[in-house]
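Below is one structure, written out as structure tokens; comments come after it.
Chain lettering (A, B, C and D) follows the sequence in which the chains are written, and residue indices restart at 1 in each chain.
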Amino acid sequence: MSQLVLDKATIKFGGLTAVNQVCFELEQGMIFGLIGPNGAGKTTCFNLITGLYKPTSGSITFDGHDLSQYPTYQIAALGISRTFQNIRLFGSLTVLENVMLGTYLRKESSLASALLHGGRSIGDTSRKREFATNLLNVLGLGDLLHVRSRDLPYGKQRRVEIARAMATNPKLLLLDEPAAGMNPQEKVALMEDVKRLRNEFGKTILVIEHDMKFVMNLCEQIVVLDHGEEIARGLPAEVKANPKVIAAYLGE
Amino acid sequence: MVASIGLASFMATGCKKGSSAASGGANPSSGGDTSGSTSMRKPMEGKGNSAKNGVITIGLVASETGDQKPWGEDSIKGAELALADFNAAGGIKGYKINLDIQDSQSIPAGAGNAAAKLISDGAVGIVGEVSSGNTVEIANRGFKAGVPVVAIGATMTKLTETQNNVFRVCYPDSFQGGVMATFAYQALGLRKVGVLTDNKLPYSQGLSRDFIRTFKKLGGTIVDQEKYEQGASTFSTQLTQLKAANPEAIFCSGYFTEVGPIVAAAHQMGLTVPFLGGDGWDSPKILTSGGKAILGDYFCNHYTNMDNSPVVQQFLKEWMQKYKSAPGTTMGALGYDAMKVTLTALKNCKTMDSVDLRNALANIQDLQCVSGTITLKGNNGTPNKRALVVKIVPMGPLGFQQPVVAYQPDPKTGLPVKVPLGSAAGS
Amino acid sequence: MVASPPVSKSNPVAKSLVSGILSAVGCVALAFLVQYISGQFLSSYANGLVFQAATFVTLAVSLNIVNGITGQFSIGHYAFFQIGAYTTGALSLLFWKKFQGAANVPMQEDIWIVLMMFFGIITSAFAGWIVGLPSLRLRGDYLAIVTLGFGEIIRISAENFTFMGGATGTKIAPEKTVVWLAWLLAFAAIGLSRNLLKSVHGLAFLSVREDEIAATAMGVNITRTKVAAFVIGSAFAGAAGVLYAHQQTFISPDLFKMDGSFIVLTMVIFGGTGSITGSALAGASLFYLPEALRELPPVPFASLVGIVLGLIATIGALKRYSDQSHAKTSVKAATMIGIIVVGIVFMAILGKLLSFVPSISAHAPIQGSQLRLVVFAVTLIVLMLFRPQGVFAHHEFSWKWLRSVLARVLPKQKEGLSS
Amino acid sequence: MVLHGLFLGLPLAALDIRTLPQQIVNGLLNGSIYALIALGYTMVYGILKLINFAHGEVFMLGAYTSLFVSWAFGFTPNATVEPQTQVWYLLVMIVASMTVSGLAGVLIERFAYRPLRNQPRIASLITAIGMSMLLQYGGQLFLPNSPPPNIDAMINPYRGNVNITLVKSNENLVAAMKSAEQTKLTADSAWDAQKKLEENSFYPSAKGQALQDAAQKADRDYIEAQGKYNNSGVSILMPVGRIITTVVTFILMGVLSYLILFTKRGRAMRAVSHDFDSAALMGINVNSIVTFTFILGSTLAGAAAMMDATLYQPGLQINTFFGLLPGVKAFVAAVIGGIGNVPGAVVGGLLMGVIESLVGWAGYTSWQDAAAFVVLIVVLLVRPNGLFGSTAAEKV
């Protein structure tokens, strides 16, 4: 059964139809690519899935839940986590704190306990700190724990954002241009890491990316959008050969 | 119209016009003023301060900053003038008087801190403040520390009722409001009056309340009550409402700063009935802001420049000499009086400490002051002073206030009784 | 109540709990010690200041929760302070006499005030909840103006509230300056904010300040967090209001003018947005500054004009220099001190010269007290110009931080001296 | 009922439909001053995203300038000869006020805001508060304020009214009024004659008392009859000074809109307000545009101050807190309209004025200011960016 189903999802801003009748389904445990020229509506799709925008018509279902019924923070609780195209880290917090926040959904203590420094809160916090430290170590960021995230180089920030998204322990991970601004070596390392996330933790992953080489090497299925509409989908090789896709990228 | 007046008067319960109470002084520790049956004045708690090394510190709290600065400044000038006069007349042998002035920022919290500062500076007594809200704070601090307080222009009725360290040199609102109500009802023959209150000012709220109470008791009707806030730039809403209510006169209890424009605007829109007010009207500025419209209106005042009694004329002459201009507000005279009362009491002291000063203050009798004769003995801190109703006339050499009637509180009922104008008649 | 040092791996819970209890006990002891010292050795005026300082520390630290930590720009904090004061005012008017008659026990005034604090916290927290709700839809300045409006509505309601004397105000029955309680409250505010920041919950508050969209995508319920911040912040302000009312003994709407909110806001930003230590220290010092300035002597008008002109020139020169110079810290500091010295000399000469101008020298000297708030305002502007991130910026005081600061400053100075 | 009893300020006034048109007009006229001040807030906010708390003080400085100019024309409080009113005095006053206010605005921007432009916005906000306090309290040292002066009300040459009758007064009541007037005149003259005789006695004689009572009764009856006649009609009264103020306000707003919408500089302003850095990259001198904005906003405040203190409500006291209340209200107006939006500020100002008037009309004058804030909160809850504010969706 498909994990995420977009059924004729449509959103209009005034007269502009940013996403038009898009349908696709993601099966659990696969890496998907979402590509298309600039302004094709890829990020808008992410915003629709995470509830930042509500679809004008159509529906989005995740594990049987109709996402239009949920506010963003509850969608996160259902198991969808994401990164952002223009990095949205909590700039003045440290890397560790950023990732710890990802565990907020799984907090085991109440606000009152936190205020009064109760045992529950202390234990909870120290467990979460340990978890976040481990996660950062796994992702090779173990030496940056106490650096303010604002002070990190661009590539590292992207990785921290992925770590933060992973910390929510999602079922579905949405990565918005994770390789943008990275050099070739970093890209290769990132690709390995994303594959590991799927292989070791069994996440479903949906990636928006402009770097064709990156997408083609990483993804098992690709959906192509243009002007808010789906123009092609399938295996990387199929998509690459699709004349519509070539036309969309090169112009007619 | 105002169903809540009953509750409003809650504030003034305890307003028992006690005049029979013998003023304390015999033995402060055993109760002071409380010997009187109607007095609720508790003896002050602390031990107070005393003169140190031949220096007697008298504190003065005044609004040197904030929106009451004009009154604060005048009260300082008046107090300094009184001190200069006192020193010129010989002062107190062997003692130097140090006037310690502290700013209240025109807010009660500031006044409280200023008073606390003065008390810790060793002030034997405190003079101030001009506004009631600030004075209450000073009075409380003084009460705790055992330092007497002589209020300058605080007319709030309840001020002197509960603590025996509080005195004032002005009449209370209950009397001032009563005077204007009596004047409106009896002398002007008015029956339907509208009331305009500055809702931001405790002074104005209290005065309006007391005016309304007396006016209703006399048999009059309040046809409309409107409110504005100090600093407002337009009053057309209120005046339109008042005009529609068709009153025979309007009682406007705010400060002159707003009253002038209000009266001018009222005249422009055809509301030409007389306006009546309290001592907050006293400033020549009311003529430039009110223009011709304000002429012929009445207000209640402590004294007038037209009073040809020697005390007043001497005061005006010295003021002109020292400050090169006439007093800006009535608080100049009251500041002078408050300081004069304090210094006179000090002169009667033996040990130059706060307790002694309080007792001496409570025994002040028939002291000729700028704003009339002040007797604190037996009056629970509020003098039984006469109040003048003055009419606004064009500025002449003696000012712009023509005394019309004088009222004195009846010793039994506390209600205003018409008395001869005496020397205040002028001319 | 106050938090522990960072948790180590060896049984963190037990260790933290022990240190938490110890610090709570320590706070209570310290609060009583402050009360004892200030009651025994200080004048009643200074005792009052010690009390009020605690009130303002509480206000600043509690506003910091809303404004600094959660990033919700509130400029109506005095409203909650006023609600606390008016709650105890009304209840004391109605019930204090009865309570006094019914329970004649030692410290009954303190007990009553603690009881009132409880009610004050409930009412002001409720008000905080009401104000927090619109923050669901409003951002930044719009929320600010709503909080300002709420403050004004509360003040105007108090002016029309005849039961409590309208604009005149009313007396509060048990008159008591409970220094220990005020300081305990201040410690509690500091401790609670610190505990909050040490927990995952605190990170949620911070994340709302940093980036709402990212926070909500990470599963943070923004509305709930913002409202919680308002409720916690206003509860402390309300409790402080209760204590303040009993210390002031007389409350009126005048006490809670809009300027008050601005001053508390200033304390938070002055100390460094988000820094609890900064808020607490700025709260105490900015409260004390106008009081300390009471001692200013009268200034001749000519000198004042000289000082004003000299100050503008000096600040301008300093600002220009500090922005453009890339010299070493020590060189920079030395030059700036030099500029200040030259500026003072310039002021003195200017003042002297101006005193020969007849119309200026004829002007009456300015009373020191009139200068207090001017000096206060100038201090604000100058500090913001030179350190816009606040004195403490986002740092918290800790010995570690102090060491790192010293480590950064000291070697450079040596270097500067040797070169 | 309990609630009602607790609040003195809530009289159960019957709504008087006859004063409604007048109150709405009052509100519109009042609102135009708010609008003029609100424009300054809104423009500065539009460009710098900064609440210029010192704007009210710029307004205050404009009022003081007018005061000094009026003194220079001989309208001093102690003038021995009554000075003559000239229309060109007003022109000089408004130009002087606009100049000084404009200059003050520019200086404040230059020294208090510009050095902090690249810092967090909150820092500039604190300097704005500091600047506001400095001008309020520092101004007390140098500006005459004790007792608070005012511009002589006589400088206003437009003291008449424009009267628009909507419903004519009942002519049947004229006769009653006329006869009451006759009775009053007779009774008054009889009492006046008697008063001369009794001038020196402290208590009036029985005859004098009776005559006085009769005269006073006649006076009251006359006022009653006059009121009945007046209140039987509905009319709108507009003081000429206020009409002029409102007209000038709208002219200034028109000029402003023209500047912003149709001139090169206006386009530059809009570009800067959109994005500082890209505007600078396009070759726009950002500093000069910001200065220009401050000049525009502050001169409008200066004009508003001059008109407020002379034409609109002559005789208003001027002290260093003169800008406080109008400033706050105008700010609220700007926010209601959608801060940063020029027509929004105008609509917000007018709306504020009308709401205040209507609340007063309903009998709750003591709740006028609170009502303004309640409306503000309601408007913001319905439209979080004000009436005309654009909902700039954040780019995710």
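To be clear about the criterion, a contact is a pair of C-beta atoms (placed from the backbone, for glycine too) under 8 Å apart; a residue touches a chain by one contact, two chains touch by 3 or more.
The structure displayed is predicted, hence computed values, not measured ones.
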Steps needed, at minimum, to go from chain A to chain B via contacts: 2
Third chains touching both chain D and chain A: C
Centrality ranking, top chain (CA atoms only): C
Pair of chains joined by more contacts [C-beta pairs], A-C or B-D: B-D
Most distant chain from chain A by Cα centroid: B
Averaged-CA centre spacing for the pair chain D and chain B, given as whole angstrom: 32
Computed distance of Cα centres, chain C from chain A, in Å: 42
Distance from chain C to chain B - Cα centre to Cα centre, in angstrom: 36
Multi-partner residues of chain C (at least 2 other chains): 159-160, 162-163, 166, 213, 370, 373
Residues within chain D bordering two or more other chains: 6-10, 137, 140, 366, 369, 396
Multi-chain contact sites of chain B, meaning residues that touch two or more partners: 4, 7-8, 65, 199
Touching residues on chain C, where the partner in the complex is chain A: 1, 3-4, 7, 12-13, 16-17, 20, 191-192, 195-196, 198-204, 206-207, 210-211, 213-222, 228, 232, 274, 394
Complex contacts: residues of chain D adjacent to chain C: 6-10, 45, 49, 51, 111-112, 115-116, 119-120, 122-127, 129-131, 133-134, 137-138, 140-141, 328, 331-332, 335, 339, 366-367, 369-370, 373-374, 376-377, 380-381, 384-386, 394, 396
Chain D-touching residues of chain B, taken from the complex the two chains share: 1-8, 65, 67, 69-70, 73-74, 188-192, 197, 199, 225-229, 231-238, 240-241, 244, 246, 248, 256-258, 260-261, 264-265, 268-270, 273, 283-285, 288-291, 328-329, 420
Touching residues (chain side chain C, partner chain B) in the complex: 43-46, 48-49, 52, 159-160, 162-163, 165-171, 175, 248-250, 252-255, 257, 291, 294, 367, 369-370, 372-373
Residues of chain C touching chain D in the complex: 73, 134, 137-139, 141-142, 144-146, 148-150, 152-153, 156-157, 159-163, 166, 213, 258-259, 262, 265-266, 269-270, 273, 304, 312, 316, 319, 323, 366, 370-371, 373-374, 376-378, 380-381, 384-385, 388-389
